[in-house]
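After this come two complexes, each holding chain A, first together with chain B and then together with chain C.
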Partner chain A sequence: MLRTSFVLAAALSAFSVNAQQTVKIGMPLELSGQFADTANQMLNGAKTYMKEHGDTVAGKKIEIITKDVGGPAPDVAKRLSQELVVRDNVDILAGFALTPNAMAAGDVSAEAKKFMVVMNAATSAVITKSPYMIRTSVTLPQVMETFGTWAATKGGIKQSYTMVTDYGPGHDSEAAFQSAFKAAGGTIVGSVRFPVANPDFSAFVQRAKDISPESIFIFIPGGAQPAALGKAFAERGIDLKKTKVLGSGETTAEAALKSMGDNALGIITAWHYDYMSKVPLNQKFVKEYQSVANGRNPDFFSIGGYDGMHAIYEALKKTKGNTDAQALVDAAKGLKWESPRGPMMIDPETRDVVQNVYIRRVEKVAGELVNVPFDTIPMVKDPAGERRKTQK
Partner chain B sequence: MENARFRPLEYVFWACTLLPFLVTPSYLSLASQVAVTALFALSLDLILGYAGIVSLGHAAFFGMGAYTAGLIAKHYWTEPLSGLLVAAVSAGVLGYLLSHIVVRFRHLALIMLTMGFGLLLAEAANSASALTGGADGLQGFHVPGVLGFKFDMFGRAAYAYALAVLFLCFLVARRIIHSPFGLALRGIRENATRMPAIGAPTLAHLRKAYTIAAVIAGIAGAVLTHTTSTVSLETLSFGRSADVLVILILGGAGRLYGGIIGAIIYMVARDQFSGVNPQYWYFWIGLLLVAVVMFLPNGILGGLRALRKKPQ
Partner chain C sequence: MLSSLAGVLFDGFAYGMLLFLLSVGLSVTLGMMNFVNLAHCSFAMVGAYATFSLVGRHGWPFLATLPMAFIAAAVISVILERTLYRRLYRASDLDQCLFTIGIVFISIAVYAWFYTTEQQSVQVPDWLKGAQHVGAMSFANYRIFLVVIGLAITAALVLLVERTRFGAQVRAAVDNQRMARGLGIDVDRAFMFTFALGGGLAGLGGALSIQMVGLDPTFALAYLVYVLIVVAVGGLGSIGGSFAAAVVLGISDMAGKYYFPWLGAFLIYLVMVALLMWRPQGLFGKR
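And now, the complex of A and B:
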C-alpha cells in the first residue's frame, strides 16, 4: 500500500513540472503500541481531507511521510522530527497525539524554522514551544474551565465532587474544572483520583455517594473504563436524575456509550466535536471518513487531523505555495473556517484553536444513545493562553 | 582467565564507531541514541551477564539518571559533564540502597522484585508531577551543548558526546570484568553457594556489582537527557527495562560487546523496519527475535563464537 502510493507519487511528480513542486509533511505519529488507534484516527482524518480536496494545493503536490514514535517517547519524537527535517527535507511537521512528543518536536520546529501543526496534544503549554506552531484540536482548559463556569452559572449547580484518573490530563482537568467552578461561586465538596488502569470503580463511587453531592464531575480516558464507571454508578444506586454527572466528551464517546448502555442516560458533557452531529458538513465528513477508515466512525482525534490539513491547505494557498515557516504561520494566524465540528479559528495572537464548546446530554433518540447538544458557548479561546498573555 | 589486553578486532570495532560521522551523517541522532542504549545494555550486562542478577526493572536507574540530569539542568546549571556526575551519583545511591534487598534473592523472586521497584519508581514519578512534570514530561530546560559544541539538529555533538561516554564506561566495565572482582562475579553466577566456601563475600560482591551497574545506567539516562533535552516517564517505564533485556539477549549476555552489538542491530532494524512500514513493523522485529533465539541461543556474539570454533 505504501509502496504503491510511493510509485504513484513518483509517477505523478514525473508528469508535473519537477520534484521541487512537492510540499512534504512529516508526521511522527504513535502508530504502534497503546496509542496506535489514536494516531491512526488522526492520520485518517488528515487523509480524508486530502481525499476530499485533492492532493494538490497552490500548484504543489502534498506528500505525507509518516514515522512511528511508538508511544509517549519525547526522545524518539524529537529524533524522528530531526530526521524528517534533515534527511527527508520535510517542509511542515504535523500530527502529535501526545503532549510530551509535541513538546519535544516543538524544539525542532523552532530550531529548524518549520511550520508545525499540532492535531491533538491538548495540554495548553504545548503551543509556547515554537513560534511556528498552530493547534487545530482542543486544549483541556478550553473545555474544562468553560464547563466549570457553565455548571456553576447556567447549569445552576452549587456543589460538585470531582473524580479523575490519576495522570497528567486528569490532574489538569481536575484543576481547570475546580478553579473555574469555584470562581463562578460553586463549592467543591470533595475529590478523588483513581489509578489509570483501574478495573472497578465501586469503592470510589461509594465514597462519592456517602457525601451525596449535588453533582459529580468525572474525567476518564475513553475505552473500556467509562463503561465500568457507569456500571458502578448503577450498582451503587446513584440516581442520575438527582445527582448530575458531568464529564468530558471522552466519557460518552462512541465506544463508551455503547458499553455503558442506558446507564449513560442523563450524563452531561462538554466537548468540541461529536460525530453524531446533524450538521450537513459533518454528515458529509463522516461518510467520507468511513470510506477512508474502513467503516470506522471519526472521533475528536480524526477531526483534529482533518482541520489540521485544512489549516495547512489554506495557509499554503495564502502563501502561494511558499513553505517558509514565518510566512505559513502568518498566513495561518486568524484563519477562520467552518469545520464539521462548527465554526473555528486560529487565534492570531496565541496561534491556538478557538472554537465552540457544546454542552450535551445523553438521551435516547430513536432507540439510540446520543449526545444531544442543548447549549453552546461560542468561540472559546484557551483560557490558559489568555492568562499567559497577561502575565507577559 | 581471558587476556585482558585489547585485541586487534576491538581496535577495528571502536574505529568503526567513528564511521557514522563520515558515511551516514544524516543518521547521527540515531547513532547517539544507539550509543545511549548500548551503554544501558552494557550496565545490564554487568549484573545479568556476569553476576547472574536477572532484572526486569533496570530502567529505574536509567530514569533516575535521566530525571536527575533534567532537574539539574532545569533548576541549577546546564553544563552537562558535571550534571552527568551528579546523575551517576544519584543513580548509584539508589542502586546501593536497593542492592541490599535485591542481592538476597535469585531467579523468579528477583524478576518480580526488580520489576516491582521499577514500577514503583515510575508511579512515584507520575504522582510527583509538580517535580517531574508527570505524563507531560519534564519541561522548561534546554541543554545547549557540551564543551562548546552545540547539540543541534544534525546530532554531531550528540553522537560524539554519547560515544565518548560509552567508550569511557566500556573501558571501566572491561577493567572490572578482567579484575579478580570480575572473576569472583562469574564464580557467583556459576555457583552462588560454593563461592563463600573459598572465602568470597558473595553478597558484598553482588551489592558492589549492582551499584556499579546502577551508576552506568544512570549515566546512560543522563546522556539521553542531555542530548535530547527531554525527559519523560518513558525513561522509567517497564517497556524500557524489557527492551534492554531483549537487546542484551539478542547481542549475547556476558560478553561485554553483546549489549553494544544488540543495541546496534535492534535499533537500526527498528528504524529501518518502521521506516518501511510504520504501522506493522513490530512483526518484523518479532520475527528477527524469534529467529535469533531459535538459531543463536547465546545471542549473535555467542553464535559467531561457536561458528569460529567449529572447524577445529
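And now, the complex of A and C:
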C-alpha cells in the first residue's frame, strides 16, 4: 500500500512537471440562481478574449475551471475558492459578479497568495481584501460621484430626488451621488429606497411625482427592474423633458431599453461601457462575442470578463509565465491598454481600475434606442480608493 | 392627496388582479385534493414563455397569444397530472412539497437551457401603453386592461362553479370527496379538468405579468411566495376568498410602498400575519 502510494506520488510529480505548462484560472461564478445571467455574460466575455487571442500565453496553456456558487453566498464562494486552490491547484482566481462573494474569496487570495482578478463586484472596498487583487470592471463611487459632480456643474441641475434599491450597492450609490451632488452645490429634496425583490414601482414613482423634483436619480440592479421602473414613470405621467431622470448604465441596458420603448427617451446615464459604441475595437468585440454567446450582445459584465482576461494575459507575458502572485500583481500594476470600452489602466497604487466615465442620453438613432454619449470625464480613479490612501 | 389615494387603490387593485389569476388555480386544487403543488408558478412560466415565443419569435399579436398561453399551460399541467402528480395524491405533505419543488427547479433549468437566463420582454400593442389622465390622476392603460380581464375571468369562474354541472361536481368534491365519490361523481375526472383550468389560468397570469414584472427562468420561484400568501389568506378552495385576498394584498402592498416606503415590501407580510391570526382558516376558508 505504502509502496503504491510512493509510485503514485512519483507518477503524480512527474505529471505535475507537465502540468506546469498549464496556467489554471479558477472561476467561482454565480452560474445558477438569480444572478445566472450576470455570471454567464462575464464568463462569455472571458471566453471571447481567449477565442480572439488563443489559449496559449508565454508558452503556457490557459485553462479555465468554473464552479457554481449559486448566488450571493460568501461562505460558498470562500469554500469553492479554497477547493479550487487546494484541490484543483489553480494559479489564479477570477470572476466574482457579486461583492459579498468577492470579499470572501479575497481572504483566500490573501492567505494562499494567489493572484485574483475581480471582473465585476463594484463595491470600492473589495480591492482592500487582498494585496494580490486587481479589478477590471468599475467601482460605484467612480461612476456615481463623478455623475453627482457632473450633474450639479455641467449638467446644470439644482435639485434631485434619489431612488435606490435597498441593498449594499444601492446604499453606496445613494451616498456617492448625494455627497458629490451636494458638494458641488446641489440640494437633495428627498430620497426613497425600494425593497430588493420589488415587482411593482408605481407607488414609489407616485411619491417622487408628488414632490415634483427637478431631477430624479435612480440606482437599481439590471434585469427586470429597470424596465418595470421605466414603465412606472410613463404610467404615472412623469415627463422626462421636465423631470430629468439620471441613472447608472443598468437603468438603460439593452433589455431595459427594449421593453421601455420610447418611454426611455431622454434618460441620462453615466457608465463605462455600452455595446452600441461605434469604436472599431468595440464593433469587433461585439461580433466575436455574439459568436461565442449564441447571438447575445455583450454588456458591462462581459467587458469586465474580457478585460480581466486581458490583464491576466498581459501580466503572464510580463512574468514570462511565472504564476507567483506577487510577480503577477506587480506586472499588472500600471498596465495600460485600449479596451473596447475606451482607454483603461490598472492603478499602480490601488490596483483598481482607472477609466473614462461617459455621460449618455437615450436617443433614437435610425429607429433604434441608443445611449448616445455626449460628455466624457477622462481617466477617473476610484474616489473612495483615493480617500483610503490619504487616511493611511 | 385624494388623487394619490385613488391612484394607489387602482394600482393595487390591478396588481391584485394579477395575483388572483396566478393563484386561483392553486387554491382550488389545494382545496379539492389537498395536493400541495409548489410548482404552480412553473405553469405560469409555461404560459409566459409561450406568449414570449409567439410574440417575439413568430410575430403574433400580443392578444392572440393569451389564449395560447392558457392552452399551453393547461396541456402541460394535464400531462404532468396524469403522469406524475396522481401518484402522490395519497403521499404525505412533505413528499408532495419535495416532489413539486423538484419540478420547480427542473423547470427553471429547462427554460434556462432553451431560452437562456436573459431577461425577456414582449411588445404589447400601442393602446396598452401609456396612461389615461383624469385631472391629476393617471390610470395606466395596461392596468385598466388587467382589471378588465381579471374581473371578466372572476365572473366567468363564478358562473362556471355556481351554475354548471361541472361546477357542482367540483364543489361537491371540495366539500366532501368521499361522499361525492359515493354519489357517482367522477372525482378524478373533475380534478383533471380543474387542474387544467388552474394551470391554464396560471399560464394566462404569467403571460399577463411579463409586461409588469419581466420574465426570466427564476419566475417559477420568484412569485411562489406571493401566490402562497394569497392562497393561505383567501382560504383553500375558495374563488371568492382568493379574489378578496389578492385584492387586499395588492392594495396593501401598494399602499405600504406609497405611505410607508421605509417598511418597504414588508407590509404585505404584516397584513398576512394579522389576517391569519384573525381567521386562521383564511378569509373564506371552510376548514
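Some observations on this one:
Rule of thumb we're sticking to: the second predicted complex is superposed on the first by the 374 of 392 C-alpha atoms of A that agree within 3 Å, B and C clash if a C-alpha of one lies under 4 Å from a C-alpha of the other, contacts with A are read in each partner's own complex, and residues count from 1 in each chain.
Operating definition for what follows: contacts are C-beta pairs under 8 Å (C-beta built on N, C-alpha and C of every residue); 3 or more make two chains touch, one makes a residue touch a chain.
All values reported here derive from a predicted model rather than from experimental measurement.
Superimposing the complexes on chain A yields a three-chain arrangement in which chain B and chain C fit side by side.
Once the two complexes are laid over each other on the shared chain, residue contacts for A:E235 go to chain C alone; chain B is not touched. In the superposition on chain A, A:A125 contacts chain B only, with no contact to chain C. Looking at the shared chain after the overlay, A:E368 reaches neither chain B nor chain C.
Contacts of A:R207 after superposition: chain C is touched, whereas chain B is not reached.
Once the two complexes are laid over each other on the shared chain, residue contacts for A:L29 go to chain B alone; chain C is not touched. Of the two partner chains placed by superposition, chain B and chain C are both touched by A:D166. Measuring only between alpha carbons, the smallest separation of chain B from chain C in this overlay is 5 Å.
Judged by the document's definition of touching, chain A residues 32, 36, 40, 166 lie at the interface with chain B and also at the interface with chain C. Contact residues on chain A toward chain C in their complex (touch as defined above): 32-34, 36-37, 40, 166, 192-195, 197-200, 202-204, 206-207, 210, 222-225, 227-228, 231, 234-237, 255, 258-259, 261, 263, 294, 296. Those residues of chain A that touch chain B in the complex are listed here as 2, 29, 31-32, 36, 40, 66-68, 70-76, 78-79, 82-83, 85-87, 99-100, 103-104, 107-108, 111-112, 123, 125, 166-169, 171. Considering their complex, residues 4, 7-8, 11, 15, 109, 112, 116-123, 129-131, 133, 138, 140, 142-143, 211-218, 222-223, 253-258, 261-262, 264-266 of chain C touch chain A. Only residues 26-27, 29-30, 33, 126-127, 129, 134-137, 139, 142, 152-155, 224, 228-235, 239, 274-279, 281-282 of chain B touch chain A when the two sit together in their complex.
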